[in-house]
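Labels run A, B, C and D following the written order; every chain starts at residue 1.
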Amino acid sequence: MKIGKATLPRTAISTSNAERIVVRGADLCDALIGHVSFGDYFWFLLTGEKPGPAASAVLNATLVAIAEHGLVPSVQAARMTLAAAPDAMQGAVAAGVLGSGSVILGASETAGRFFDEIDRAAGPSGDLAAAARDAVARLRAAKQAIPGYGHPLHKARDPRVARLFEVSKAAKGGQRFVQIAEAVEGVIPDVVGKDLRLNVSAAIPAVLLGVGFPLNALKGVPMLARTASLIAHLSEELTDPIGFALSYQAVREQEYTGAVPAGFVPGHGA
Amino acid sequence: MKIGKATLPRTAISTSNAERIVVRGADLCDALIGHVSFGDYFWFLLTGEKPGPAASAVLNATLVAIAEHGLVPSVQAARMTLAAAPDAMQGAVAAGVLGSGSVILGASETAGRFFDEIDRAAGPSGDLAAAARDAVARLRAAKQAIPGYGHPLHKARDPRVARLFEVSKAAKGGQRFVQIAEAVEGVIPDVVGKDLRLNVSAAIPAVLLGVGFPLNALKGVPMLARTASLIAHLSEELTDPIGFALSYQAVREQEYTGAVPAGFVPGHGA
Amino acid sequence: MKIGKATLPRTAISTSNAERIVVRGADLCDALIGHVSFGDYFWFLLTGEKPGPAASAVLNATLVAIAEHGLVPSVQAARMTLAAAPDAMQGAVAAGVLGSGSVILGASETAGRFFDEIDRAAGPSGDLAAAARDAVARLRAAKQAIPGYGHPLHKARDPRVARLFEVSKAAKGGQRFVQIAEAVEGVIPDVVGKDLRLNVSAAIPAVLLGVGFPLNALKGVPMLARTASLIAHLSEELTDPIGFALSYQAVREQEYTGAVPAGFVPGHGA
Amino acid sequence: MKIGKATLPRTAISTSNAERIVVRGADLCDALIGHVSFGDYFWFLLTGEKPGPAASAVLNATLVAIAEHGLVPSVQAARMTLAAAPDAMQGAVAAGVLGSGSVILGASETAGRFFDEIDRAAGPSGDLAAAARDAVARLRAAKQAIPGYGHPLHKARDPRVARLFEVSKAAKGGQRFVQIAEAVEGVIPDVVGKDLRLNVSAAIPAVLLGVGFPLNALKGVPMLARTASLIAHLSEELTDPIGFALSYQAVREQEYTGAVPAGFVPGHGA
C-alpha cells in the first residue's frame, strides 16, 4: 500500500471532541437523542437526512415485518451457540447474524438490485412488463432463481407482502418498485412455468426503494431487524433454555452413511 | 441428554401457519406492521407488551445514544473485515458485534446488575448512599472496576448522560435507578480515590431499569444499537473504502520485539 | 488513551521485509516450511520453540482426539449457516467456532486452570489427593461444576481419556497433571456424591500441561482442532447438504407456549 | 420443506456409540489418536484416506506457509475484539476467521478453480500455455483480477512460492498444476501488460491439487492455518495487549469529511 494522504482513513459519519459528539453533522445530544426514534435514526445514520413521514413509515414497517419468524435456522444457530457459551451473548448474536446470507435474508438486496435493473431498463416512460419479462428470461437462461419469489411455507403470497404494500400506499411512498415487483410476479408463470408469488424479501426492496432507501444498504434491513429478534430469543434462552434440545432433535434420526470398523454396534450418533 | 418431552423445544415468541404469523400473541400483519415503530417492536419482542410512552421514549433514546461514536475498535474490525470479504456483509457485521464484550459495551449490563444489587440491598425505604458505598467498597476490595464510571475521552460526565437523564425525566420514567447511579458517582471519589464520572454505559441501565426494561436483555441494547451503526459504516465502506487504510495505519509504527535470523534487514513489518 | 510510545503496537511473533518472512526468530521459508508439521508449528507459533518428541506426540494426539465427534451443536450451527450463506464459508466456520464456549469446549481451559491450582496448592512434595479434595470441595461449596468430569453419552470414562493417557506415557510426557486429574476423579464420588468420570476436556490439559503447553492457550487446542472438523463438515455440506434438514428436524415437534389471536389455527411453527 | 426421509440428516464423517467413536470408518482411539499427526488428520477428515508421503508433505507445508504473516488485518480485528471481550477468545478467533474472504485468503480457492479450468481446457496432451493465455484473456475481458498473482509487499515472487514448489518437487507431488501456475505467470505480462508474479495464494492450490487435495476444501487451508496463528496472537494479546493500541493508531490521523454543527471545535475523532 502506498504511504501518504491516500492511506488516511476518512469518514463522513461521526466525529467528536471531549464535550460533543457529532453524527452526520448534527449534535447527538442536542438534536438526536430524544428527538428521533431508533428506526428513523437508522435512516439518518445511512443517509445523513431524517426520513420524511413516508420513509419513516415504510422503513419501520419493513423492519417490523422481517424481524421475527419463529425458530428459523439462524435463531437455532444462535440459541445453540448461547447454550454452549452463555457468557458471550455477542457470540450468539454474531452466529445468528452470519445466517443472513445470499440464500436466506440476502434475497432482499438481490431482489432490490434486480428491480433497479428493470427500472433502468424500462426508463421513465417504458413498458415495465416487457422489461420484467426480459429480466426474468435472462435469469432463467442463466439458470438462476428469481430473487424474492416463492416461499417454502407461504404458497400463496406471504401475508407480509400485502401488508407492506398497504403501508406503502397509505404512507404515500413511491409505487414504482411495487409495480415492478408485481410486473415480475405477473410474467413468472409464463417465463418460468411455475406460479411463484412475491415473498417478503421482494416486498421489502419494492417498498423501500420507493422512498429512496439506498440500494447498497438493503441487506442491512433484514440484518438489523433480525438482530432485534435474536436478542429476544437469546433473552428467552437465558431463562428457558432450548439450545441443546434443538440440537438433540436435529440429529435424533440422523443417518451415518460411512463405513464402520469390524464389530461396531451402532448407537445414537452424536 | 434424556429423551422425551423435556427435550422438545418450546418458545413463547412466535408461531405461524400458512396464512398468519403470530408474534407474542399478536397477528404480525394485522396488529404490528405499520402500527408499531421498530424501537418499540424490540420492546414488544422482549416483553410481549407494547411499551408505554415513557418506556418508548427512554428505550429509543438509549438506542440512539449508544449507536454511533465514530471509528471505534468494533467499527474498525468490521470495516477491515468487509475490505477482505466484500461479498459477505453479514461477516463484517458479525465481526463488529463480537466487539460488544465485557470491557466495552457489556458494561451496560454489568452496571445494570450492579444497580439492581444496590436497589435490593437498600430496599424500598433504605439509604441509597449507604448501599452504594457498600457496593462500591465491595468491588474495590475485590479489585474490580466500577462498571459504567470513567471514560478515556470524556473526563467530565459524558454528554450523553445528562441528555438521557433529561429524556427520562421529561418522559416521566422511574428515577430510582438514576438516583442509584448518582449515589454511586457520589461515593466513588471517597471510596475509590478518583473522580470517575457516570458514563453512558451506566446511564443506559439507569434510565432503562426505571421503565421496566428486562435486566437480562440489557446487553442487547448496545448490540442492537451498534448493529445499526455498523451497517451505516459498512455501507460507507462499500463506496468509500478505508478498511485497508485503517489496517495500514494501525501497524505503521509497529515494533517487532522478537529475534531475527542472521543477516535479516528490518523492513516494514506487516 | 495516552499518546506516545506506550501506544505503539508490539509483537514478538513475526516480522518481514520484501524478501523474507520471520516467525519467532526463524526464517519461514528456510527453516519452517517443509521442516515442521502443522501441529508442531502450532506449538512453535505459541512458544517460539519447536516441540520435543513428547510435546509433539501429545499435542498432535490431543488435536486429533478433540477435532471430530459427529453432528455436535457447533457443527449443526455451521452447516445451517452455510446453507443460508453458501458463498461465505468463513462465516460458517466462524459460527461453529463461536460454539467453543465455557460450557462446551472451554472446559479444557477451565480444567487446566483447576489442575494448575491443585498443583500449586500441593507443592512439589505435597499430597495430591488432599489438594484435590480441597479444590473439589471448594467448587462444590460455590455450587460450581467440576470442569472436565462427567459426559452425557460416555457414562464410563470417555474412551479418548485412556488413549490420551497411553500416548502421554508412551511418549514419556510428564505425568504430574495426569496424576492430579486422576486424584480429582478419585475424590469426586466422596465429595460430590456422584461418580463423574474424567472426560476428554480434563484429559487434554492433563497431558498437555505435562509437556509444558502454555496454560493461557489451552482453549485454543479444541478451537483449532474443531476448525479442521468444521471445514470437513462444510466441505461435505457443499456436496451433500443437510443444513436445512437439521433445522427442519430441530423444530419438527416444537411447542409454542405463548398466546394466539382469536381464530388462529395452529400450523407448523417455523 | 417436504416431510419425510429426504429431510433426515445424513453424514459420512462420524458416528459413535457409548464406547467407541468412529471417524471416516476408523476407530478414533485405536487407529487415529497417537497414530496420525494433526495436519494429516485434516486430510483424513476431508477425504476418508490417510495422506501418502507426498500429500502429507505438501499439505503440511502449505499450512505452515500461510499460517502467519504478522499483524495482518484479520489479526488486528481479532486482537481488538479480544481487548473488548477478553473472556470470549472464541469471539476473537471468529472475528479473525471472518477476514478470510474473497479478497484476502479466499484467493487460494479462486486460483485453484482457475487452474482446474485451465487443466480441463488443455486436456491431457494439450498446450498449457495456450489454455492459460485463453483463460487469462477471458478474465481480462471481464475486468477481473487474476487470482493469486501480484502482492503489495513482495514485488518479486513471494519467497513462499519457490519454497512450496521445492517441497512439492522433493516430495514427488504431481507437477501439473505447478506447470499451469507458471504458464499463467508466463502469459500475464503479455495479456495483462503488467508483470504480476505468482503469490502464495496461487502456489497453495498449485501444489495441493497436484497431490489430490479436494478442490472444494481449498478455502479451508488458509482458514485452518490462520486459526493457529490467531490463537498464538490472542495468547500474546492476553499477556502483552496491543488491541487498543492498534485501534488508537488506526485512527490517529483520521479525517472527518462530514458537516459539523455551528461552533463545533474539532477534537480527536474517536
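Criterion: a contact is a pair of C-beta atoms (placed from the backbone, for glycine too) under 8 Å apart; a residue touches a chain by one contact, two chains touch by 3 or more.
Note that the structure is predicted; figures quoted are calculated from it, not measured.
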Among the other chains, which touch chain B and chain D together? A, C
If we define chain centres by averaging CA atoms, which chain lands farthest from chain A? Would you check? C
A-C versus C-D: which interface comes out with more C-beta contact pairs? C-D
Between chain D and chain C, distance of the C-alpha-averaged centres to the nearest whole Å: 22
Intercentroid distance (Cα basis), chain D paired with chain A, Å: 29
Between chain A and chain C, what is the gap in Å from one C-alpha centre to the other? 34
Chain B: positions in contact with at least two other chains: 1, 8-16, 18, 20, 69-71, 85, 87-88, 90-91, 94-95, 98-101, 106, 153, 244, 246, 249-254, 268-270
Please name which positions on chain D make contact with chain A in the complex. 1, 8-18, 20, 22, 24-27, 30-31, 48, 85, 87-88, 90-91, 94, 152, 250-251, 253-261, 264-270
Can you check the complex and tell me which residues of chain A touch chain B? 1, 3, 6-16, 18-21, 23, 28-30, 32-34, 36-39, 41-42, 45-46, 57, 59-61, 63-65, 67-71, 88-91, 93-95, 97-101, 106, 153-156, 159-160, 162-164, 166-167, 170, 214, 216-217, 219-220, 223-225, 227-229, 231-236, 238-240, 242, 244-246, 248-249, 252
Where on chain A does chain C make contact in their complex? 69-74, 76-77, 80-81, 83-88, 91-92, 94-95, 98-106, 153, 243-244, 246-247, 249-254, 268-270
